[in-house]
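Pasting the structures in now, so scroll down.
The same chain A turns up in both complexes below, where it pairs with chain B and then with chain C.
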Partner chain A sequence: MKLLVCLKQILDPDVPARDFQIDPAAKAARRGGANLVTNIFCENAVETALQFREAATAEVKITALCYGESSAEDCLRKAMAMTVDEACLVERDGNTNPDAAAVGRVLAAAIRRLEQDGGPFDAVLVGRESGDWGVGQTGGLLAEELGRPALGFVESLQPGNGGVTLRRQTDVGIEVAEAEPPFLVTITNNEDNVPRIPKTRDVMMSYRKPLQKLSLADLELDSEEIRTGSSIFEVEEIFIPADEVECELAEGDTLEERVDQLAKRIHQVVASIG
Partner chain B sequence: MDPTQATREVFWNIEYTWLVYVLMVPTLAVFGWGFWLKIRRWRAGQPEVRFDRLGERMQLFLKNAVGQGRTIKRRYAGIFHTLVYTGFIVLFLATTVVAIHHDTPLHIMKGHFYLIFQSLTVDIFGLFVMVGVALAAIRRWISKPKLLVYTDEASWILVTIFVMALTGFMIEGWRIAVTDDPWAAWSPIGNLFALASDPLMSDAAMQTGHVAIWWFHLVVAFGWIAWVPFSKMSHVFTAPLNIFTANLDGYGGSLKTIDFETAERFGINHLGDFTWKDLLDFDACTECGRCTDVCPANTVGKSLSPRDIILDLQALMHKRGDTVLVSGNGDNGNGSGEVELLPIIDQKTAVSPEALFACTTCAACMEACPVHIEQMPKIVDARRYLVMEEADFPEGMMDMMNSLESRQHPFAGTQFSRVDWTEGLDIDVMAEMDDPHEAEVLMWVGCGGALVERNRNTVRATAKLLQKAGVKFAILGREESCTGDPARRVGNEFLFEMLAKGNVETMQRYGVRKVVTSCPHCFNSFRNEYPQFGGSYEVYHHSQFLDQLLESGRLDGNGAAVSSNGSSTITFHDPCYLGRHNGEYDAPRNLLAKLGDARQVEMERSRNTSFCCGGGGGMAFVDEPPDQRVNQERAQEAVDTGADVVAVGCPFCATMLDDGVNARRGDRDVKVKDVAELLWDAVGEPGQAAP
Partner chain C sequence: MANVAVCVLGSLGYDRAAQGAAGAGRALAESVGGELHALVIGPASDNAVAALAAVADRVVIGANEALGDYQPEQALQAAQQLHAAGGGDYVAVLLSNDTYSQEIAPRLAHRLGGSSMADAAAIRADGDHLLAQRTAYGGKAISIYRLKKQPAVVWLRARGFEPAPEQGAPGDVTTVDLALDPPRIRITGREVAAQEGVRLEDAPVIVSGGRGLGGPEPFQELKKLANAIGAEQGASRAACDAGWVPPNWQVGYLCHQVAPELYIAIAISGASQHLLGMGDSKVVAAINTDADAPIFKHCSFGIVEDYKQVVPLLTEKLQSMAG
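So, the complex of A and B:
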């Protein structure tokens, strides 16, 4: 079997609030002092794929794919350190925040290219959403581009009777499904797919493994069109909400009076919020 | 009677004396073979340079082997060991004198020398041996402290030594009685035996008894000598050798680097990966248990026992060392000849992952060991294997390492940046200076100082004190990365190396020569570990630097009191990485002594026997079970001194002890404060008391 996991490199969501900066003109976050990391749900997807490989009796090959700037090579190297077999980077040229539809088109083109060379992927795994914009559309749009069935919020893949058994989280509980390849799933986190820490030897080896690089031109995609032509939404404005704290002290001579005063204010505030 | 003619007959009453020499041959052969087996195993270990700096080694040897410097630190054991040890030396010399006198033309056993040394001194030291063994037996069989290992072997050692001494006095006494030795008074113990036997036994009976006991004494003694290399009595030889070849560079520099390009395995999970010195360590252990007795993890009830780690590895080496080490092959133990590594990390032994990951790397075990066994680096070596080869470690350490990898600091989820603490202080950041070389000192803030709310006061106080003293300093700001200490202690040498190389490069770019830091872990890395990566600096812990500023008058520390009530009692908690690892105990105390009318009290475990706060070795990032918290054990000790301020000199100690003291202080107001905070409170400008 062949699995493909899509990765996205994002600004560290754990950056201290005071270090988080935005560029209102460019309508994007500024790098500032923040680090670049692999989106956590993408790492959950890598871990889910690795666990599927470990549980499978047949040979399973895992490929990692990323559309990003050259720095995103780090994410792919880390995936290879986690023992993903192959990696491919589609290099982004200055398009700072392509929307999900554009990303879906690029990833679909890259997947078709990889399939031309190495045969079809039985399953494509995509993180459920990214930790920067949190749009959560890439998986679905990519499935549409590829013309494959998709299932969201999957937390595990297990080899099943002839197909793959999927567990997905729903509002009312866990749903177990059998799926016939090829298909696409978006992966969410649970306590079992916490990304593993790679072994040091695998980290070292990850730098020696080949990493395929493709440009938009290689995929015969018009970069200008990817940049502008497929917007599903437009960012109007970007700002950091002011963190205003109003502090009032309940007054009164006795504790009872102060409690009384506090209760009245709470009523007023709740009423004003409606 | 002419004392110059005093002597005694060697082999009095003994026939077939040639048999002594015949029996000596197999005795010495077995003795030699036993040690040859040991040496052969040690030599199969990896290379390590431990025969350099002979002068320093000889000094250490004289102090702690010949002088028993560390052994005597425990009073009871120190006394009985000294009695037996000195007795053995004197009795060995006496036997040598007899041999020279009898078997060479030098008849030295006569006259005053015979009377004073060979009779009186030998008798006294023979008594020492018996008293020493009796004291040891009382401890082993009656008081039974927890730190000992209760084996039959240990009991037999006491019994045989006692029997040898006792039979020695018996044969001496009977010889004195039967020969009516004119010099009897010079052998008081033997004479006592003679006087006691005289009315009870005929001369003939004593003579017969003498022959029987004489041969019995000889057989026991020869058997004992042959047994030495196969019992823990071998420490008589392995311990002095181990002390001579000890690590001379302090505990702070005791971890080895790894050549990642050539290493077959990272870390150790195989006997053959130990160096010869590690293997010698296993054989040098005397089972005294002091390491485990002082181990903070063991004290609070965790499974870590440095003593049992060493003894389990010793047992493994004795059982399988010849196949695994000497044959040079791996061994799977089933005789199939397959090459397979014999793992040393084993859930069923003391070398379990759980125990290994309980170590705070405080080095209390190494400091307590009378024979200089190096337990902590072996624990880290095994951790290295688990972390780098198996990726197997506790969850808290995983978050810490993830954060180190992606954010170059271990505090996942911190809400502070590396420069937030400088707000309003006007501190130079090297990258923003026209000429970074203008800064005479790099103030290394450390992750624990910049990113943990509680410690930001400490680094602010340090910076303000440096400013007040007119020190030209700067920080690296966002360019600072973790020194890698937590990664290294946890066993991720690879990550440590990456961080270290990165920092060395940054510091090289700014031409940094002098570093001041308020974190002893960073201090230790710079002082002992960065030179291995090309970074050599003049490094100061902030307590040392501030103390110098006070001494030189650049800071004025007189007059002010530590707290508003003016009668503070302070107890200083020695950080392991400042104290034991780097030998600095005085600077922080000097500094505290200059704080107005504050009174210093010491905890029972202080200076080189200080008890870890529980935060070293990556343990600050691990959730300890509520009933096994090292920090609370230490906090209790601090609270029990009656002090109202627990002074610290380390950001990890500060957070660990803050938590601990809050849990254990009861209704009392006890504060944990860094020495810099206390000093700033004392010398800061009016109105600036709270940095």
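So, the complex of A and C:
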């Protein structure tokens, strides 16, 4: 079987709020001192694929794919250090903030190219959303570009009866599904798909694994058309919200008085609900 | 003429989320001078249909035996066919923020040649485009997106919108038969999480506890407080990750996004993910020892004090007030 995992490189989302700044011209976060990292849900997707390979009796080959800047090679090397077999980087060609539709189109074209050369992918895994913009549309749009069925918020893939058994999280609990390849899933996190730390030996080995680089021209895509023609949304405005709420703190000389004030406020709201 | 559609899953009924989505849809329809249509995927109760007809100008119900049991591929096909059955001239197709609507939305947008957007807290028309406001960078920023293709298929933070007002006369209700293909991904089992009381999303009052509680036992103390005011119990990620309470108690951006009338945050500092989850609460009260905790910038009133001192006394007072 063959699995493909899509990765996105993002600004480290753990930058503290006090260091977070907007670049008004770019309508995006200013990089500042922040590192570039692999989006966490994408790393959960890599881990989920690796665990599927470990549970399968048949041979499973895993490919990582990224549409990004040349710096995104680091994400792909890290995925290979986690023991993904091979990787492909589609270089972004100056389109610094492509929308989900553009990303979906490019990834679909790259997947078709990789499939021409190496056979079909049984499953495509995409992180549920990214830690930067967090729009969470890429997986669904890619599924449609590929014309494949999809399931969202999946936490594990297991070899099943002729197909693949999926477990996923919904707002009412866990659902189990049977999927017939080829299909796409978006991956969410749980306690079992925490990304593994690569072993030193595997980090060294990752530099010997194949990393293919493709340009948009290689995929017969027109850079300008991708940038504008297929775009469905753009950032109109971005700003840091002001902390406008003025908190009224309970006052009084004794704890008793302060708690009494708090109780009255709470009672007032609860009583108004009726 | 340009209309607005609200697309709902019949099995979920006309819940608070559907009410909010319809409310957002009505406001948008008025601003573009169009009608509000409700597109219903699968069978719905008579009550739900009547409630939708009361607020929408037209209700179109998609019928097919298979739709009694949610399957994403079939729900998606149904939504696409309902879009056509409703007339197809929609500036926007709005959905709620349940898991199913979330996974359908981008794919429906693609099939309709439109734009897609997620988790919108506000929307408005701007010429042929829709503007949608949402958070970005894990809550550190607010972004406004211009959705350039019609229809704009958007799932909303639905409970944050006012319910749709009832119209003078009920809208027309029609049922259309849908042709659906067998799905290639089939949901075969559901392990519905044990749920005491009402869903957190629908709770009018919530008492949540966080890392500062230090262990599972204090949640018993918070339960007494919750009982005194008829509240459901929630928790922060730290408390859930530590195993003090079940994971389905977690209020946050990627789990329960709640919208109660009153949210009481106890020993919760207010990480941005948590603030996003509770962001639609009408009134927030905080109990925390740290006056500089971010939660105090996001609450209407509070007390800087150790919960151990406050909660038993507060519970007692509220019990006697409820008297």
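We adopt the following convention: the second predicted complex is superposed on the first by the 242 of 274 C-alpha atoms of A that agree within 3 Å, B and C clash if a C-alpha of one lies under 4 Å from a C-alpha of the other, contacts with A are read in each partner's own complex, and residues count from 1 in each chain.
One rule holds for everything that comes next: a contact is a pair of C-beta atoms (placed from the backbone, for glycine too) under 8 Å apart; a residue touches a chain by one contact, two chains touch by 3 or more.
Nothing here was measured: the structure is a model prediction, and the numbers come from that model.
Within the superposed three-chain model, A:56 lies out of touch with both chain B and chain C [touch as defined at top].
Residue contacts after overlaying the shared chain place A:183 against chain C, while chain B stays out of touching range. Looking at the shared chain after the overlay, A:1 reaches neither chain B nor chain C.
In the overlay built on the shared chain, the residue A:203 is in contact with chain B alone; chain C does not reach it.
Contacts of A:17 after superposition on the shared chain: both chain B and chain C are touched.
After overlaying the two complexes on the shared chain, residue contacts for A:211 are found with neither chain B nor chain C.
By the document's definition of touching, of the two partners only chain B reaches A:37; chain C does not.
Contact comparison for chain A: of chain B and chain C, C touches the greater number of residues. Shared contact residues of chain A with chain B and chain C: 17. Touching chain A in their complex are the following residues of chain B: 260, 266, 387-391, 393, 398, 401-403, 406-408, 412-418, 420, 478, 492-494. Chain contact summary for the complex, chain A toward chain B: residues 12, 14, 16-19, 33, 35, 37, 196-201, 203-204. Taken in their complex, chain C has these residues touching chain A: 72-73, 98-100, 102-107, 109-111, 114-119, 131, 134-138, 140-149, 183-193, 201, 204-205, 229-230, 248, 254, 256, 261-262, 264, 272, 283-287, 291, 296-305, 309-310, 313-314, 317-318, 321-322.
On chain A, the positions that touch chain C within their shared complex are 13, 15, 17, 20, 22, 29, 100-101, 104, 129, 131-137, 139-141, 143-145, 149-153, 166, 169-180, 183, 186, 188, 231-241, 243, 245, 247-250, 255-256, 258-260, 262-267, 269-270, 272-273.
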